[in-house]
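Structures are listed in the sections that come next.
Note that chain A is present in both complexes that follow, paired respectively with chain B and with chain C.
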Partner chain A sequence: MPNYAMVIDLQLCTGCGGCIIGCKNENNLPEGVRWSNKITETLGRFPHVRYHYRPTLCNHCENAPCVRGCPTRALYKTKDGITAHDPDKCIGCRYCMVNCPYGAVNYTWNKPHQEWEDNTEIIPGCTYSPRGLVNAVDAKGWPIFNPDPDVNYKAIRPTGVIEKCHFCLHRVEAGDLPYCVEVCPSNARVFGDLDDPNSKVNELLGMFRAEQLRPELGTRPKVFYIREFCPCAYEPGKGMI
Partner chain B sequence: MSKLWFGLLGLGVLVGLFTALTVMSKGLGVYNANDITFWVLPMAGYLFFALTAAGLTFLSSLPSVFGMKQYYPIAKRASLLAGATLLVGVMCKGLDLGPLSTLLNTINLALSPNFMSPIWWMAVLYGIYITVVIIKFYFIHKNKWHSIGGKTSGLLALLLMFMSYTALSIVFGTADARPAFFGHFTAVYFAVTALTSGMAVLVLASHFHFALTGGMPKEQKPIFDNVSKMFLGLLGAALFIFILRAVIGHTSLQEAFDGFRHIAGSGIYNIEMWLGLIIPFVMMIIPSVRNSRAGIILASSFVLVGMFFGRLVMLLSAQVKPVGNLAETRPEFVSYFPSMHEFGIILLALSLSLLIYSIGVKYLRLEATPE
Partner chain C sequence: MKKLQIEKGEGISKTKLTRRTFVKGTAVACAGMAMGGPVLRALSTKGTAQAGNLSQGEWVSSFCTGCTAWCTKQIYVVNGRAVKIRGNPNSKSNGINSCPRAHLALQQCYDPDRLKTPMKRTNPRKGRNEDPGFVPISWDEAVGMLADRIIELRRDNEVHKFMVMRGRYTALNALLYDRVPKIIGSPNNISHSSICAEAEKMRYFQEGQWAYMQYDIPKTRYVLLWGADPLVANRGASSYLNSWGHALDNARIASVEPRLSGTGSKCDEWLPVKPGYDGALATAMAHTILTEGMWYKPFVGDFIDEVNRFEPGKTVNEHMFLERHTHGLVKWWNIVLKDATPEWAETICGVPAQQIRRVALGFAAAAPNCISWVGGGPAMQPRGSYGCLAANALSGLVGGCDNEGGVLTYNSRSYKGYPSPGDFQDDIAKQGLKYEKIDQRGRLEWPNLARGGSGAGVNTNNVADAINSEDPYHIKVAVGFFNNFNFSCPGTKRWDQAMSKVDFFAHLTTHASEMSFYADVVLPVKNCMFEQWASLDHCSNGHRSVSLSQPAIKSVWDAKAMETEFSWILAEKLAERGFDNLHRYLKTIVDPETGRTPTTAEEFDLYACKHLMQHFWDPAATKGGDKFSGWEEFKKIGVWNSDPYNYRARWSNMGTATGKFEFYSQTLKDSLENHAQKHGVSVDRVMEACNYEARGELAFVPHHEEPYEWGSTQEYPFKFVDYKARLNREGRSANCPWYMELKDLDPGDLAYDDVAKLNPVDGERLGIKTGDKVRLTSPIGSITCTAALWEGTQPGTVAKAFGQGHWAYGRWAAKVFGKEPRGANNNDIIPTDNDRLSGSTAFYGHIRIKVEKV
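Take a look at the complex of A and B:
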């Protein structure tokens, strides 16, 4: 069985946010929910400042505290090492949100895509209302509804349960790449089998020193960052005062 | 007990029920909760009532389990109060899960259990604990204190109290991602504050009862003198634990404690410290205040208000500072103020527990002792 992981090349990542948008579209994410996200930092003191951009997602930890803490096994590890979720078992206790040190779990507080239930036409008699548009394209929930995740998750998760990145399990099981990997215009994301010595993931991990987020917690995250981007240069010298 | 009192409680229950039904139909979106501050006022209500119930269960066990027979006159009252607070505490937690569809998923606690999960143990143990507390009260009420059923349920209630309280402590104690829950120190903090709030409820309820029924029976005066001293001792212990927690929180180099340090400057923290601990402790030190009914009613009321805020302080300390990518585009600390629906849930819990107790006072002879 594969043990899926992801390597993100920070020198290739342009910070365009395509992964975030792609993920939202592929998984029908409601307003305010991001499975694929980012951490940005501004460091230094003006005029010597720099900006860091780090794309984030669920780390699919080998020692996942969310899975350990879930009282009903709604969060579970698939045979491929992916941390997946079953909304039919989720009791909404949000203990996974307590346990996840990465902020990768979201709770569905309100009915998803409820803003698309509005019947108000923006220009009466001229434009669709949000609901009219959804009906016109024969979609469910929102106009760009993607039914694909229904294969092994709920395409739109119900109110009152948590939801999270599952490495696009519906695509992976069909032999495709997670959608964030697919849509990345600069090929900064590499997805593959950590247990296959010849996988691209292992090739990169053997080549570059990789970083994981908060490894000190013992979660053994499976999203690795390589080649931190830094265009800077300075004049070397024998110490400075 | 006047009709006005029962009318007010009935109104509180009705308003609370309307809120609960709204939550069950619409979900938790009616709370001012979000992915940063996700355990809010109803969860604080759960902690407050469930831990108070733990304290009350312990106190009700003093004569029957620990052989301190002089405390029989408080045992039945403490037992009913333990049941009432536990019931509303579990209700608060239930209304903190989600809409009805989510509540129905709780069947998976039985169908798909995760024995590694502290939350699973907490849910199961509290489920059994509440049943045993009700059975225990039934035996006491039927004057079968020393029957096999009475003794067994009394002992089991105490054991289950320890086990469920331990599970609750582990829920917070093992949350490595959120050190501001104070890890395993939480178990000590919970133990002392649970006993203190349980004692405060017992003292308040008893003295209120005596005030309404024309005074404390003479034979109970020495008992309540001892109870007052125990209350003072517990307040001292709670204050010590509070100071210890504050020292840990303020001196820790871990960034995760920034949330605690932020909350430590807030009004709710000061309410916990001053109203919940320092003022009642000082009041109870003064013999004239400690021995006056008004003084002790006031002191115990202050403790309960402060302890309730303390539960919220504990929850928010570990949440107000966003973790991981949730910090993106958000301030260093988020703010939180409860919604009307959250207040409605607390109103329901308070009204329901008071209603159960008032019915007990009126019909169940709470001062009864074994014949």
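Take a look at the complex of A and C:
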């Protein structure tokens, strides 16, 4: 069985956020929820200042604290090493949110896509209401509803349960790449099998000193970062007082 | 810098590992070892089908109208509904790559607040605080009302008082933008171009290109960005996002920009120039390159004895220098450059002389694979023409013009033009066309030298003033399509006043925008990416790609294709009223395959598109590039690709007066003299009337002009820096839920907010913290928004993205639809000014503001 992992090349990453939007698109994420996210920092003082961007997502830890702490086993590891979630077993206790050191588990108090249940037309008789449009295009939840995640998750997660990145399990099982990998215009994401010594993931991990987020916690994260977002060059000198 | 592969001699190439080759490799590797586990297969480039239990949809070709890059696209359609979007993998330009804002097109299409029916106003009073009282009507009634007004104009010999305004458009636009007014008899077809980036096109006067350019990032060794933010905004982000990370291995990249931009955060260095001083910086770089003898001699030439005589402050004998593919280098040196030292520039532009020198020499050392990338920043300012020319001249100095890794023109492509309207213009029309255009172009103070012609370029933002002053005349009937000048033009109140004055205004739009609120009838148009036949073209990676969009989704709106179906219906209505010239003209555009004459608006939409694109899909009419067996095959592929770029073909064939790259612009001299002669004045008088500082020979060479500012430094101590947000689909994405939710994708910005960014030093001085409400006041108005302290903002400036501040457009774009804006529109405080040589509206460099905590 493969052991899926992701390498993110920060030099190729352009901080465009295509992964965040692509994920929201593929997985019908409710407003305000991001499975794919980012950490940014602005360092230095004017005029010597740089903005740094690091895309984030569930680390699909080999030793996943969210899985270990889940009282109903709603969070589980798939045979392919993906940290997945079963909404039918989830009781919404949110222990996983406390246990996850990466903030990768999401919970919304609101009904997903509730803004699309509004019946008001901003110009009566001349525009749709949000609900009217969803009905007119025969969609569920929101007009650009993607039915695909229903294959092995819930295309839209119900109120009262958590939700999280599952490496697009529905796509991976069908032989496709996770959607964040597919939509990344910079090809900054490499997805593959950590147990295959010849995978591109392993090629890159053998080439660069990869970084994981908070490895000291023993979670063994499977999202690795290589190279620098902004690999600036400077003129070297002796001490340069 | 690490390089994958370095070749000797001119140009570099490198092994490019694309996603497709990677996935292909992975798939092979997996297949070799897999024992029944899932195997990631290559990303599908086929038209249809995802594997397993996933939805069985179809990828249908389209293009993107999110900016003027017009990237190729495919839309994933499941049961008549668009679900996803990606670049068209059949294209050789942007390929499968899509910038982030492309995805917002889905939300733009499926926006609850899109108009689903024509509507008319019931409140005859027009004004910012008037509710139009829109009620639904039929297409028949709506277009009938417009036709009645046009017939009245024709009856009264006042056809010149008709106007068509064009915002965004497709390649089919000539039918509505050009043929409709020309056959009716109005000279007034007004495009949006001068609020776009016309001043960037002033490179015409150096290299004969009144055009946007492509930049050869995969092969470049040095990129010098001038107010360009290609990873974020216009134009070509999809391709540049793809090649930038590799370029960082192969090239050095520097960003000249008052603020740290999204692209600036992916550069080797940032040169935080003071707003309006790009020309000083660029001429100082040119000075350095010449004094150090670093110009690219195979392009520029050399002193006859190869001894460098460019010494600071000293003039040079022109006859000692033998130029090859350029013209007027020594003249430029003697008039400007000899005194433009980095030390001089440092005192005014704020960039240290040492950094100017380092960047200039690094840039020249990478010659000729160099890009001096002139964006809107230095150009779209009062007097911005010369900033544009100064920065663009650097590409000439290092031979990057039309060279590998340099600045390239678009590959050619050949749309088949529509028939001439001449035979269908009657005496009334011919008489009407003789009137001066409403935008006053060509007057002494409006040279608008598009392609060198006096008054050849549009003056979009001046139309409001012209209407308000009825100079040259009053506009009685107007049609606008895909435009929203009341939001997108600086000095928004002028447009509110002007559109209130127009007797009858028909607005063709997907959304009820600010401009629609002044309309008598509002006509819902199709989203041209998803719902109709149309074409747009894109250029990057050395290829031109011409895309086809199709009626891909089930339409749930009673909308028409703006350029084709609307024109057809209008022609029918005019014919019913006794004027059938337009209808007869449109019927001459037939199906190229069958010769059938269109009988319905839908047929006309298809035939007009097939006609326009015949050179691409018809094997008998091909003019190079990809070949197809016919229309059916072309529909499936959805994109035509040009042949690869032919480097250096323009050397000594530049389309300038001398054929050379003109450092001393004979072409500009000819144009200005022509304009001056037309008005019986001197060129110096033209320069004075147009508010430039240059007199004499200085007018014909790149140089620094002191930025013309509105407001005193005492009263308005800050400079305002406008920029374009990452998820802007021009001004049209603010009602997309992802727009506000992901506003923090702009460095220093906050999600769900509209921020004015100040340097923390200024914040501390003014007692302003992140999250405070602040009022920004310029000499023309005030806006209120949220402050954010951010180190990437230059002290003494306030940076704020354009895009928000809609009081119409939809429930999420506006705080209270029709009444109260969400966020603030920069155009409410940007004073109306212009770069008059290009005809551009100014967005940068001239705006002084004060900042107060509210």
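The rule we apply is simple: the second predicted complex is superposed on the first by the 238 of 241 C-alpha atoms of A that agree within 3 Å, B and C clash if a C-alpha of one lies under 4 Å from a C-alpha of the other, contacts with A are read in each partner's own complex, and residues count from 1 in each chain.
The rule is short, and it goes like this: contacts are C-beta pairs under 8 Å (C-beta built on N, C-alpha and C of every residue); 3 or more make two chains touch, one makes a residue touch a chain.
What you see is a predicted model, and the numbers here were worked out from it, not measured in a lab.
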Q) In the superposed arrangement, does chain B or chain C reach more residues of chain A? A) C
Q) A:Thr40 contacts which: chain B (first), chain C (second), both, neither? A) both
Q) Given the touch rule stated above, what does A:Cys70 touch, chain B (first), chain C (second), both, or neither? A) first
Q) Should A:Gly92 be classified as contacting the first partner (chain B), the second (chain C), both, or neither? A) first
Q. In the superposed arrangement, does A:Asn27 touch chain B (first), chain C (second), both or neither?
A. neither
Q) Touch check for A:Tyr51: first (chain B), second (chain C), both, or neither? A) second
Q: Please indicate which partner A:Thr83 is in contact with in the superposed arrangement: first for chain B, second for chain C, both, or neither.
A: neither
(Q) Quick check on the superposed pair: does A:Ala104 touch chain B, chain C, both, or neither? Answer first, second, both or neither. (A) first
**Q.** Common ground on chain A, meaning residues reached by chain C in one complex and by chain B in the other
**A.** 32, 40
Q) Which of the residues in chain A end up touching chain C in this complex? A) 1-2, 9, 11-18, 20-22, 24-26, 31-32, 40, 42, 44-47, 49-53, 80, 115-116, 118, 120-123, 125-130, 132-133, 136-139, 143-148, 151, 170-177, 182-183, 185-188, 190-193, 196, 198-200, 229-233, 235
Q: Mind listing the chain C positions that touch chain A in their complex?
A: 1, 17-19, 22-23, 25-26, 29-30, 32-33, 37-41, 43-44, 50-55, 78-79, 81-84, 86-87, 97-100, 103-104, 106-107, 110-117, 119, 134-136, 231-232, 237-238, 241-242, 244-246, 248-249, 252, 260, 262, 264-270, 272, 358, 512, 554, 556, 726-727, 737-738, 741-742, 744-745, 747-748, 759, 761, 790-795, 810-811, 817-818
**Q.** Of chain A, residues touching chain B in the complex
**A.** 32, 34, 37-40, 56, 65, 68-74, 88-95, 97-111, 158-161, 213, 217-218
(Q) If we count contacts the way the header does, which residues on chain B are in touch with chain A in the complex? (A) 26-29, 31, 33-35, 38-39, 97-99, 101-103, 105-106, 108-109, 111-114, 116-120, 123, 171, 174-178, 181, 318, 322-328
